[in-house]
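Here the structure is laid out as structure tokens; the discussion comes afterwards.
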């Protein structure tokens, strides 16, 4: 049993190439802009009481700087450092004051090469849950999860479940019964982190929770009326795996956002992870739709926590197959 | 058979006492302001291609100046004048140019004393049905119907069905089987005009069509977040009579607005009007809720088409009973 | 001006090859089975007060026997016969008693070769609009429209608008400004009949009206849970043309059904038909999705009203292009 | 910090007087009947993978036998026993085998006199989350919370937060700033247990989570069509406190059920409990509706865990006021 407490998916830090375009897009989607400066946008969802869950930094090249988890106690960060050092991972402290609104943060290059950040403290912001007059677009409620392509799912799965205390809600096996993809959670819904066999490490998408299914339909209508129909990549549909009602969008730099609603409570230790066969047609989309090629092939590259350079990507260990990623 | 064609409910002309308050309220509800001047606001719904369906005039006393129906042909107005003159009704022409955006209009004091207007032509306005980026509040789509309290329902029913060509979709009878209330239509849904036994002539409410049931829920949330929870009088609920999902609001002057969605097609001559017993608890609200006293007792008074003075109201012919008005 | 009154889309008469499969499918969709015999199923929607709007006959080959419109008066049928005879069309009477629940009906091979039926009378059936306990699947409310592929849209458009009294709500033109597709209505919503340039005469789909957008989402879920995900061909999505929220299904014989919700009122003579360019990407799907090839290429063949043989299909007059059909 | 882990609201054990009536009611609502015998019904929600969350026992008098919480480990039960014994509470073991489908359970008469049960193990049942073909009524998804009237909220609040590890999400204070009502949770949404100043100990209602807002509207329609409109006590409405979309029902014995959807994530230690003033009109209902008297005055009485007799109820410590209970 772990001696620290990772609470939940916290925030994503993305590099984007055109801040105005990004601002317009995420604003249309219904995000709340907490703060901005010349180079950075800080967005949050309508129910979020923390300063932000999405940071967009203007940089020459689009990439993922970090995916972050919030931990319960300040000292959990030290315990995590100890664990990662023991494992031989690259580790880097971001001292309080170096990142806006966030306390001391620990960054690591995780077992798959993903740039992962942990923090315990973030400044507050007004929670706008009942300011319905400010709701618009898809009425984004809060950050929900990260979905990542990694070359060795089993290895990452082992580390996250055994060393970091994540539980598995659902998973996919290939013909040989090998772990092809896994949905892992700390907060008790389907996932905070999904790991899938694929060219990686890359971040496939960042999932945000919506208030209800009609918010997703309304979101499509508003995006289309503002000229963003080309940014709708897949959906609306129902996932077999997770049961969520979903929509996939590409932001102006190609970062993929999932609008996600309607999974279930995974609080119980006797909940048996749901096993899906890679070839089950309803796993991918319960209603039977096929995803476009772009959805299988494209994902955001990630950065080295020290050098800021792109991490080299590798072919996956198991066979790539379409469907390669699932949710 | 009539030799003119009343198409549908057209517009309401209301007197209000504080234009700024009214503007804020109807804007919050999601109406589109087509045009305004010092004394007048012209609102339309999102799908409406005509200039307006709601006119608010600043006057010292709140009242209903006219409820209007649109007719197919210009000459239908002359045929209607002939009919009303024959009947001995007060008739008044509003020549083209005297009312903004509306062609020649015929005003009459109808058989119940209601100020009713007919017009064939109204200027166009941009139809915003697919400008989802402009949707807000309850996303009001279009005007649907008028509901009026009259002292003698049977008399009014006879005139509207026999002389004006309205068809009855549903009606309510009292213990003696007398016509207590009737829902009459020209366009093929449940009503353009409902007539109910009550102190009158008064306009009980003006009904507007919504895009879907969630627009009504969203409307409640937005109105409440803007401080209008006190304006929500009744609902949300499902009508037994008409089957519509409804919400009743009071505007800042007490004029009652119904948000209305989900009745049915009444195009067929073999559609048998649905008869409800006055005491059927599901007639009023399918889900069994009671309406507040204000809803039974209060309605907007109406004006004389010539003098502009309030029309004297009379006690109804049949027993008043709570439920006095229904939908 | 025409001297008869076609009210609305009435019913479709389809040939299917396996009655049990068809019964299970339409039942899952939420249709009400009014009556059945060894060879025939009679289905209706939840609000329909007429005996049926969909007839499925067991036959060796799947095809469309007739698409039917309801007229106001018995004598309208005679006036229609006169018109079609004058035009030189094939005409055939189905006397009362020869078709279950339907009065005397006039069948014609229309100007495009489509088998069209007109009738004034149909037996009643219990209207189940408020029997919510019987709602299931996509909660199909009523029949809405037919969409047909014809080789010469302009010719058919002229006949339907000039001779039969249909009005046009929206239309599509090709690069030369030629009429590529038209949405025509008698009841005042977007269409009772859409005509599109394509290999024809064929019936592309039959549209049914739903109670609200969530009924469409629920319908997808229920169909998928019953094993019909393979029958979902396209959608859910929002049409640019018509503004409707839609889903296309293929029944067990490949007949295409559209679940359709949310167009608008087209009652007014001053409503200006909306013109779309064939290449406008939002015409097809407002949210930007592409339709699958099957949706462009496949449609139901139709029968000769006299011989019962399939009508020979022809290449269209204008260039076929994907998107060939739109809504 | 506590050394055991109460996971979540687990199940309610109710006494009812007519099993057939209860069965019909909860079935109409959309509960799944896992099992039944002559005297007992075991119901679960659509996503629940445990045998039941609602037990109805046929008894001469309606009452609440127990409200139950699920704990993580078997040994948590022993630690809880130790705590309650130290506190001087009545404690009773229900050995494995004495209750169907449930492992060893600890029952206590809590600090307010409520009969509370803890258990770690319950038999599994097929999870029907994706059997949409079985969805009906309000499509009840899972148990969410208990709401109880207690005479001394502060005392109960202290015990639950300090000794049992519950966190407070929202609370209400009276004019003197005294704790008038508190919403407490273990799973990270608004509550597993609400405590309100009132004649008690009594169980005001049991809350069940729905899939989305339309499920609540659909639930009203289905209940009404089956003759249960008289069982709808309050709503639909939006709670100010919790933000949930709600409906209150009375079962055939008067036990109150809340259909509840749409609160928010309360996972974070830096989430500041939201304070409401007792007289804030939006606390009770965000849309401004008043609750009926029955909702303030009536609640289910509870039983002594040893004698099975009703626990004597006491007047509350703070002034009773309408609104007495809130959510």
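Labels A, B, C and D are assigned to the chains in the order they are written; within every chain, residues are numbered from 1.
Here, a residue touches a chain if its C-beta (ideal position, glycine included) is under 8 Å from a C-beta of that chain, and two chains touch if they have at least 3 such contacts.
All figures in this text were calculated on a predicted structure; none of them were measured in a lab.
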Chain pair, A-C or A-D, that carries the greater number of C-beta contacts: A-D
Relative to chain B, chain with the most remote C-alpha centre: A
For chain A paired with chain D, centre-to-centre distance based on mean C-alpha positions, whole Å: 33
For chain A paired with chain C, centre-to-centre distance based on mean C-alpha positions, whole Å: 44
Multi-partner residues of chain B (each touching 2 or more other chains): 130, 212-214, 221, 224, 286
Of all residues in chain D, those that touch chain A in their complex: 7-8, 47, 49-50, 70, 72-73, 121-122, 124, 129-130, 141-142, 187-188, 211-214, 240, 243, 261-262, 264-265, 267-272, 286
Touching residues on chain B, where the partner in the complex is chain D: 213-214, 217, 220-221, 223-224, 229-230, 232, 236, 238, 245, 281-282, 285-289
Complex interface listing, chain A residues touching chain B: 28, 130-133, 135-136, 212, 214, 218, 221-222, 224-226
